[in-house]
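So, here's a batch of structures to check.
The following pair of complexes shares a single chain, subunit A, combined with subunit B in the former and subunit C in the latter.
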Partner chain A sequence: MADRFPVAAGLRGYALVVAMWVRSTMAYRASFAMTTIGNFAASGLDFVAILLMFSHIDALGGFSLAEVALLYGATSCSLGLADLTLGSMDRIGRRVRDGTFDTLLVRPVPVLAQVAADRFALRRLGRIGQGALVLGWGVAHVDVAWTLPKGLFTVVMVVSGAAIFASVFIAGAAFQFWATEAAEVQNSFTYGGSTLLQYPPTVFATELVRGVTFVVPLAFVNWLPALRLLGRDNPLGLPGWVDFCGPFVALLMLTGAGLLWRVGLRSYRSTGS
Partner chain B sequence: MDGFIELDGVEKVFDVRRKAGFLRRERHRVRAVDGISFSVPRGGMVGYIGPNGAGKSTTIKMLTGILTPSGGRLRVAGIDPSRERTKLAHRIGVVFGQRTTLWWDLPLRDSYGLVRRMYRIPDGRYRANLDRCVELLDLGELLDVPVRQLSLGQRMRGDIAAALLHDPEVLYLDEPTIGLDVVSKAKVRQFLREINAERGTTVLLTTHDLTDIEQLCKRVMVIDHGRLVYDGGLSGLHATGGGERTLVVDLERELPPIEDAPGARTVKVAGPRQWLTFPADHSAAPIVAAVAERYPLVDLSIREPDIEDVIAKMYAERGV
Partner chain C sequence: MRLYAAVAVSGFRRYATYRVATAAGVFTNTVFGFVIAYTFIALWDERPHLGGYGQAQALTFVWVSQGLLAAMALLGGGFQEELQERIRSGDIAVDLYRPADLQLWWFAADLGRALFQLLGRGVVPLAVGALCFELALPADPLVWLAFLLSCLLGFAVGFGLRFLIGLCAFWLLDGAGVNMVSGLMGMFFSGMLLPLTVFPGPFGATVRLLPWAAMLQVPADVLLGLHTGAGLARALAFQAGWAVLLLAAGRVVQSLATTKVVVQGG
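== the complex of A and B ==
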């Protein structure tokens, strides 16, 4: 029945495997509690660095602390969501090398779902929690007259951002079919990219901003939509409608990553490693 | 009769890149499976053997849909495995000897629960199958034990049960007895015999332990360098491989080597005991009769050729 609809079968399979990992984690409750707190604290230290900076200056690239908090919280939430849902996809390289990837291929559940759910770690809620706190604080303190559309716009920004990061995770996993060590390249886009996005675009060189807008469209995670939200000018002078493209960029990237995954899987199945 | 598993000229060619300098890569083609054809009827139980790198695993991977063949035609239960991998998954069970599919930190029972949901096994059928596996594989006391605490043999039995809960029509086993103790090996073999006999489950197993083959399979296929070099009964393998049986005779006293036994050759003498060898496909009766007639015979025994020697010899003759 549901097997006729690959997406439904995938989501169901994903949920089944995730439930198993959660149960596995709960076999070691104390360790789970500690790593979650650690995850929360470690990602929180990032923001402490920003706070320290603001103790000496009033604005960073023309952005106030509250505005930076908004940028920081939005990207942190986006990355956190993507990290929670498929953050261990980079383990696929190891699975390919030790041969356990084959055991996933003989099950009646889409492989992408199984790989996405691999090593699902609830402790990653720590990053989302920390990001949400900072985002909440930023939202409360920025100089924006909040309306319902603006609130929705913020939610859409975070969700599309998560989808963009998710597509980078999927693409990174797909690359490991060819180079099982590609995990680090992908990490530089996701974790590295997120660090970039925590700061206002105005502090970086235009060339870099152009790069993350057009080459790896990470700017759509929060920069472009947040600039609109804060009533700022686009540093590249792009037309205003571009700021609303986040969801489309996310959809496009997810589709691209999905295709790349298919090609990678096909290549694995024709070469075996 | 149409085969349940059918291969017709199946090939698998890998492009291997090798480092040949700082950045230069040399490409060369490896024919891992080089035109294999065979057919296994429903309910068959076949041993698939060969040295490491002969193409055994590659064949199994093609039969399960993991790998796409480079050429030839392949069908399992009428399905093209590489095209309809997920559909086929419901009808096959796979046990990878050294790669457990059980959940390390969870009780064995939980892994089976996941299998039930993944394969959408109806409750009644699941319960019946699980009860059966638990009884035959002696898993009763292990169900609530986390898998990490199981011994290798217990885990293997657990893995075999996991592969059978959805009533697969075909069971592939890759080295199912590797690393197991004698008792576990015996249990696994007994279980495989039973499900094959009662359910008519088709079984294809690869192994290094030739006792597995001797005890389980009437038919054996030998693969080497990607080609099928033998397909038939165990006894025939002895004949093909030039296997020899050995007649050990104990005489009343020390005598010169026996030279007049028809078709036999004395290879060793130690006191009153002598060893005579003769081709495995010959009958021992005339030799025994001749020796008994002419010599003071006290006792005798016949040793079957060691299948490992037979296969080693077969490879040697092919100039491997």
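== the complex of A and C ==
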């Protein structure tokens, strides 16, 4: 049964492990409440910093506060969703080091599902909530004539952005099969990437914008689709259809990350401890 | 004294062992440095002399803050989680039986860590920043010396705070919540996100008096040469004042907490 429907088995296993961690989190309710509020505030403080900036200026890189809020909210929601579903994957290096990774290999659940659900942290709803609030505020205040297709386009942007971040989490975890201590490198692309995407692309050097478009295609998380929504020019002068490529880029990246994960898992050799 | 020196050395060596992790951290700090530097360029283009900084000074602030982030444990890390785990598991009883003072022991160990991270994670980001951007780094070695002294005092303030946070576990058992709140305060009120001089009005004035200001804002301003003569003495005294206050509070809480410890046999 598990062999015939590997995806279903994976999702079932994922749900079981997640449910276990949620129960365990609820054992310390005060801590859960504090960490959820903390998670909400942690990402919120980034936005407070932006508000403080805008208390001195009217536009940053030619973008108004509402437009920055749209960018900020979109990437925060995307990162929040990816972070909630598989944000603890960076613990895999620790598991490899202390030998507990072997336990995961003998359980009758796909390893990726177990690692993704490991230490599932419900408090990360805080970041999603905060991102959604700012996104909502941005959507309400930008100078865009909202239509149903534009609304759907925004939803697709957030979901495919989450998938792009998810593939970075998976690739980062796979990388740790070779470099078990390098957990922090992926923070550059997830949290660092999200910090980058909060600001308009006009702020950054063209080489940097090129890098996050063609090398690590984070620009598809929110920059390219949001620029289209706002009726702004593409900073690299790319053709218009590129703005709609988010979902395809996400699928491609997920496939790539999945393959990398397979290669990493195959090359894993237990320390024997 | 020799004991605590040995503890500090082992703290240094413990963190020096993980070279890949250090390199990964340096990489991340550098990436963040670039992102924030570009946003600051845009901000200071709009408003030159914002917060009393020129653009070069603002960029220096960015790279100094990325360099000090790990050493000052501004976002958490350091030792308090380990201390909390020892309190939760009961291993703290063993620590209290040792012929060493709890606070001094952790101070020494954390100082060793901070020294390593100042070198291992501070130097490279600052150097990369200096290569890629026009920074306002001082040429006078005395200013650098004052900066290091200010860093040491800033570390003592940070340790004082984190020791208190760690001891919370005696009452709360699970420290995740307080750690998070403490990390948030550290991130926002130290000036990591935006220099405290840019914070507006009375709010800004208040924030600049809080202990977190002693951990990043004051050392950075000392390096930028904004404090000289009597001003420098005042800035260092501000840091020393918070350090003494927090370390003393740590003593009091420690003695309260240890009376709570009940060692069960078996």
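Here, the second predicted complex is superposed on the first by the 266 of 273 C-alpha atoms of A that agree within 3 Å, B and C clash if a C-alpha of one lies under 4 Å from a C-alpha of the other, contacts with A are read in each partner's own complex, and residues count from 1 in each chain.
Here is the rule we use: contacts are C-beta pairs under 8 Å (C-beta built on N, C-alpha and C of every residue); 3 or more make two chains touch, one makes a residue touch a chain.
Quick caveat: nothing in here was measured; it's all calculated off a predicted structure.
*Asks:* Is A:Ser267 contacted by the first partner subunit B, the second partner subunit C, both or neither?
*Replies:* In the superposed model, A:Ser267 contacts neither subunit B nor subunit C.
*Asks:* Going by the contact rule set out at the top, does A:Gly13 touch subunit B (first), subunit C (second), both, or neither?
*Replies:* first
*Asks:* Can A:Val109 be said to touch subunit B (first), subunit C (second), both, or neither?
*Replies:* first
*Asks:* Once the structures are superposed on A, label A:Tyr28 by its partner contacts, choosing first (subunit B), second (subunit C), both or neither.
*Replies:* Both: A:Tyr28 reaches subunit B and subunit C.
*Asks:* Which of the two partners, first being subunit B and second being subunit C, lies in contact with A:Thr100: first, second, both, or neither?
*Replies:* Only subunit B; A:Thr100 stays clear of subunit C.
*Asks:* When both complexes are superposed, which of subunit B and subunit C contacts more residues belonging to subunit A?
*Replies:* C
*Asks:* Quick check for you: in the superposed arrangement, does A:Thr255 touch first (subunit B), second (subunit C), both or neither?
*Replies:* A:Thr255 contacts neither subunit B nor subunit C.
*Asks:* Once the complexes are superposed, what residues of subunit A are shared between the subunit B interface and the subunit C interface?
*Replies:* Of subunit A, residues 28 contact subunit B in one complex and subunit C in the other.
*Asks:* Tell me, which parts of subunit C touch subunit A in their complex?
*Replies:* 18, 20-21, 23-25, 27-28, 31-32, 34-36, 38-39, 41-43, 46-47, 50, 172-174, 176-178, 180-181, 183-184, 187-188, 193-194, 198-200
*Asks:* Going by the contact rule at the top, pick out the subunit A residues touching subunit C in the complex.
*Replies:* Residue list for subunit A touching subunit C: 28, 30-31, 33-35, 38-39, 41-42, 45-46, 48-49, 52-53, 55-57, 59-61, 179-185, 187-188, 192, 195-196, 199, 202-205, 208.
*Asks:* Tell me, which parts of subunit B touch subunit A in their complex?
*Replies:* Going through subunit B, the ones touching subunit A are 14-15, 58, 61, 64-68, 70, 82, 85-87, 89-90, 92, 94, 96, 99, 101, 103-106, 110, 114, 117-119, 146.
*Asks:* Using the touch rule from the top, collect the residues of subunit A that touch subunit B in their complex.
*Replies:* Touch residues, subunit A against subunit B: 3, 13, 16-17, 20, 23-24, 27-28, 98-100, 102-103, 105-110, 266, 269-272.
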